[in-house]
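Two complexes, one shared chain (chain A), two partners (chain B, chain C).
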Partner chain A sequence: MSIERIEKRQGATLVAPALLWTLIFFVLPFLAMALMSLSHLEGRSVVSGPDLRNYAKIFTEASLLKGIAVSLEITVLVTVISVALAWPLAWIIATRVPVRWRRLALLLAVLPFWTSYVVRSYSWALVLGEKGVVMNALVGLGMLSEPVQIMATRSATVTGFVHFFVMLLTLTIYSNLVQLSPNYARAAEDLGASRWQVIRLVILPLTLPGVVTGAFLTFVLCIGDYITPQILGGNNELTLPQLIMLQLGRRGDYPMASALSLVLMLIVTLAYLACARWLKMERV
Partner chain B sequence: MRTLSWVYLGAIFTFILLPVVVLVIFSFQDGRLPVPPFKGATLKWYAKILGDRDLMDALVNSMMVAILSSLVAVTLGFLAASGLARAALPGSALMRGLLIAPMTVSYLIIGLGLLQMFNQVGIRPSLLATGIGHVVINLPLCFAILYAAIGEHQKSALQAARDLGAREWQVLWHVAAPMLAPSLAAAFFLSFTFSWDEFIIAFLLTRFDVTLPVEIWSMLRSGLSPATNAVGSLVFLVSVAVVVTLELTLFRKGSK
Partner chain C sequence: MTFKRTCAAAALLLGLVPAAQAEELNALIWCDHADPKLLEPFEKAHDVRVNVKEYEGTAAGLTILQQSQPGDWDVMVIDAVDVARAVEQGYLAPLPDGAVSTADYFPQVVLADHNSVDGKTYAVTEKFGYNTLAYNKAKVDPKDMESLASLWSGKYDGRIAIYDYYLPVLGLVGLAEGIDTANLDAAALEKLRDPLMKLKAASKQVSDVVASQTALATGEVDVLIGGGEWLTAVLHSENPDLDWTIPKEGGLLWAQSIGMVEGTQKPELAIEFIKYITSPEGQARLATSSCYWGMPANMAAGDALSEDEKSVLRWSDQTDYLARAQLYPVPDAQTDAAMQDMWTDMLQN
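Now for the complex of A and B:
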């Protein structure tokens, strides 16, 4: 046997366990789910198709269609607000905070990362509740005459999400900012740009690839999350993951849950293609 | 702009730290509800949760699932990364893509797929099933970290070991593993964190023995309670301790 063939055989042997794991526990379940989405529920039993009834239902039934719209609205809103809040924070830490405090500032900015995800949403439920700290302060300061309902509304969901993703985006944008050579800003200043112009016309565009990558990550994680909308948003308007869990819990409707999951995956794939295309264009 | 910067920093840090501060303060609440006014400090909620059998069982379960699934994920990722760095295999781009693919799919969908498959072949929801799910979500991460860590320099060191007559397992154990030790540790700790904190897969794939996030979830159903604050504060404390330890030991060398 030639050395090259031995090498290839050994390489393949090493890759095989991981590949098998991925095939058996990721690809196979996915195929099973895709197949399941083509059957439908009659009474309590699954009637195997293949048919497209679930998909037809998703795009005609108001409650399901609304779930998709709600998920998209919340996700886009969260992504935009998070980027808008995280960028200045990352910039201030990277340029305004003295070097020796930088690491500490960054550590503080992502500190709540280290509580558990479920507990973080719960904490916001505490803070935003009718008797919570925020309402107490606002009423106490006389800014409100009586507590306003925030919990179990979309505002609570968005607040919880933004809190998490500001931390995530601050990290990605910060790492992008510190890689930029200070010479770009210096050159622009020498050429007469004001400080705002430097940020707006030079620094911001240079960080866009990092921002887009972070925003995509935010989009994917946000639209697929069940915990935050369930704890903070309540049951007034349901997001796509909440609808998926509802199909399972209340009716045991695996076919519909599978079909909704595939719709969710389709949305994420479309977002990915949009970002990839944009990043590619940027590079050319 | 300087003042504006500091005002902004103050405001956003308040926003970021507020829930954690409130969580910790009201875990000491001497009263039934973890909301203002603060009625005085007590440790009774901590005593209560530390004496709670279900909660402590869940904690041990989480620890086990996190350690074992991370070990499996790191091992599989390490072998695959070494294999793909070893030789130009036909279809290696495809294999890399396949190994990374689970990263782009939401945990809910991975959990749902596994639940359906396990149902069909008759595997009951259990900690083992959850562990399998956690390997699925962490394997891409471990593979990506380790594959990125094997550069040209590492490749030639491995080749040198082979040329000097080392067997493949010897190359992996005596050369590759020590050389990649920092990346292996990073991959393990990241996997551990993700598994430790993962909720939805564990929620779908466990029934009687549950993990900590699932147990906390069921605590939430009984409404707000300082006991939940105490659990959250403890988890937070442990994680911060781990992070600070890592910061002071593992990453200190790197930053200098």
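Now for the complex of A and C:
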């Protein structure tokens, strides 16, 4: 047997467990879900397809269409706000915090990660409530005459999400910033750029890979999240994952839940393709 | 050699320990049955371990059974009005004649029509209560709570929460519109759309059990439609102002039943568990479970409950309450789908 064939066989052997894992735990369940989405619920029984009536319903029924719109609106808003807050934070930690304090600063930045996601969401429910810390402070300081409703609104959902994703984005952007050679900034300054121009025209573009990667992760995790909108949103509008859970838990409508899940996957795939195109990841 | 012997001894022990505790009962339950205080006496008496899996909503429970193998589950807790649905799908086994006595039960909650199919008893009621109005009496006028109409009056706008379960809340909206739950068919349902949407507009949130309790306890809302003793009783010691009532239009009676799952390999043990749960001791413990309180179906449990506990459960008012409460709507599949569509519309608007 030639060395080339031996190496090929060794390569295949090494890759096989990962491929098998992906086949069993991703490809097969995905195919089962796709097949299920082509069935439909009649009465309380699942009737095998194939037909596209679930997809037709998703794009014609107002409550389901609104679920997609609500999910996209919240996700885009959360991603933009999180990037806007995380970038300066990461930049301050990477460039303004003395090296010996950076580890502590990063630790403090990600400290909330150590709390359970559900507990953190319920904590926000208490903080944002009418009797919560925020309203008490605003009313106490005379900035509001009476409490306003934040809890059980989209604002509460966005706040809960942003708190979580700022930490994630700070890490991805920070890892990008610390890899940048300080010579880029020095060269720009030597050529007459102001500090703001250095940040805007040199540092910011160079950190775009970290920003886009973090933003993509934020987008994927946010649009697929059920817990935060369920606890903080007060069920006053439903996101796509909440609609999926309604089909599963209450209706027992697995075909519609599968169809909605595939729509969710499609949105994530489109987001990935956009990011990959942006970063030209396919060339890496 | 010593190492090998140690390994062999360890393997033997590992094999023996599970063997010594091999008897297990798998129960598909609501959260009130997960209270160790309820399960421990049965486990000790029968030297058995009770494995529980919680679920919410009949559809979810039936789906779990659909995806299980025969013998995976031994007993199941289910809405009394949904027993026939589970029997129809072949998930419940008939109980042996005379296995469980309902002689000491509150007559109104025996619900033989719902727990039996074709003359065979498949389940027995174990706990009941009301979906009605729960409120903070320090924040609202208790007299207003004597009528469901107060919720649409504008006086409590922004201070109302809706319990996120379509059957009892649609039932209550129906009662407010003068429609009995037994008459809530597809035609009657459309009459509820407008009042339901107005109720949503007047409400602050639509929430599950935990979020509803949190909202009432923290003062986020002052009234919960769909709430009742099952929601306020566990908070009573912390905030005695949390109260509930059945308005003049009536309230909804919820009742949960327990039955033996078809295909169980341990029918005797399953029956013993059902007997324990419906015994005075089991009933008292179930009634005051840490997850939520509710009235025991068996009146004999009164001897095992303290006067304080009975006071919180409004034991002495049950005759009046039972007379004024109606059972959940029992929609056919088509009406059920229409109800859920309306509920989803309400959530999204």
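The definition used in the following text is that the second predicted complex is superposed on the first by the 258 of 284 C-alpha atoms of A that agree within 3 Å, B and C clash if a C-alpha of one lies under 4 Å from a C-alpha of the other, contacts with A are read in each partner's own complex, and residues count from 1 in each chain.
As a convention for this text, a residue touches a chain if its C-beta (ideal position, glycine included) is under 8 Å from a C-beta of that chain, and two chains touch if they have at least 3 such contacts.
Nothing here was measured: the structure is a model prediction, and the numbers come from that model.
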item: Contacts of A:Ala125 with chain B and chain C, given as first, second, both or neither; value: both
item: Which superposed partner A:Met33 touches (first chain B, second chain C, both, neither); value: first
item: First (chain B), second (chain C), both or neither touched by A:Gln149; value: second
item: Contacts of A:Val202 with chain B and chain C, given as first, second, both or neither; value: neither
item: Chain B versus chain C as contact partner of A:Ile231, first or second or both or neither; value: both
item: Partner chain in contact with A:Leu246 - chain B first, chain C second, else both or neither; value: second
item: If touched residues of chain A are counted for chain B and for chain C, the larger one; value: B
item: Chain B versus chain C as contact partner of A:Asn136, first or second or both or neither; value: first
item: First (chain B), second (chain C), both or neither touched by A:Leu85; value: first
item: Residues of chain A at both interfaces, chain B in one complex, chain C in the other; value: 122, 125-126, 129, 131-132, 231, 248, 254
item: Chain B-touching residues of chain A, taken from the complex the two chains share; value: 4, 7-8, 10-19, 21-23, 25-30, 32-33, 36, 85, 88-89, 92, 96-97, 103, 105, 107-109, 111-112, 114-120, 122-127, 129, 131-133, 136, 163, 166-167, 195, 220-221, 223-227, 231, 241, 244-245, 248, 254, 257-258, 261, 264-265, 268, 272
item: Chain A-facing residues of chain B, complex; value: 1-2, 5-6, 8-9, 12-13, 15-20, 22-23, 26, 33-36, 76-77, 79-80, 82-84, 86-89, 95, 98-99, 101-102, 104-110, 112-114, 116-117, 120, 132-133, 135-136, 139, 143, 168, 196-197, 199-200, 204, 212-213, 216-217, 220, 224, 228-229, 231-232, 235-236, 239-240, 243, 247, 255
item: Residues on chain A engaged by chain C in the complex (per definition of touch); value: 41, 43-44, 62-63, 66-67, 122, 125-126, 129-132, 149, 151-152, 230-231, 234-238, 243, 246, 248-252, 254
item: Chain C residues within the chain A interface of the complex; value: 56-57, 59-60, 62-63, 85, 89, 158, 164, 166, 204-208, 211, 214-215, 218-220, 333-334, 336-337, 340-341, 344-345, 347-348
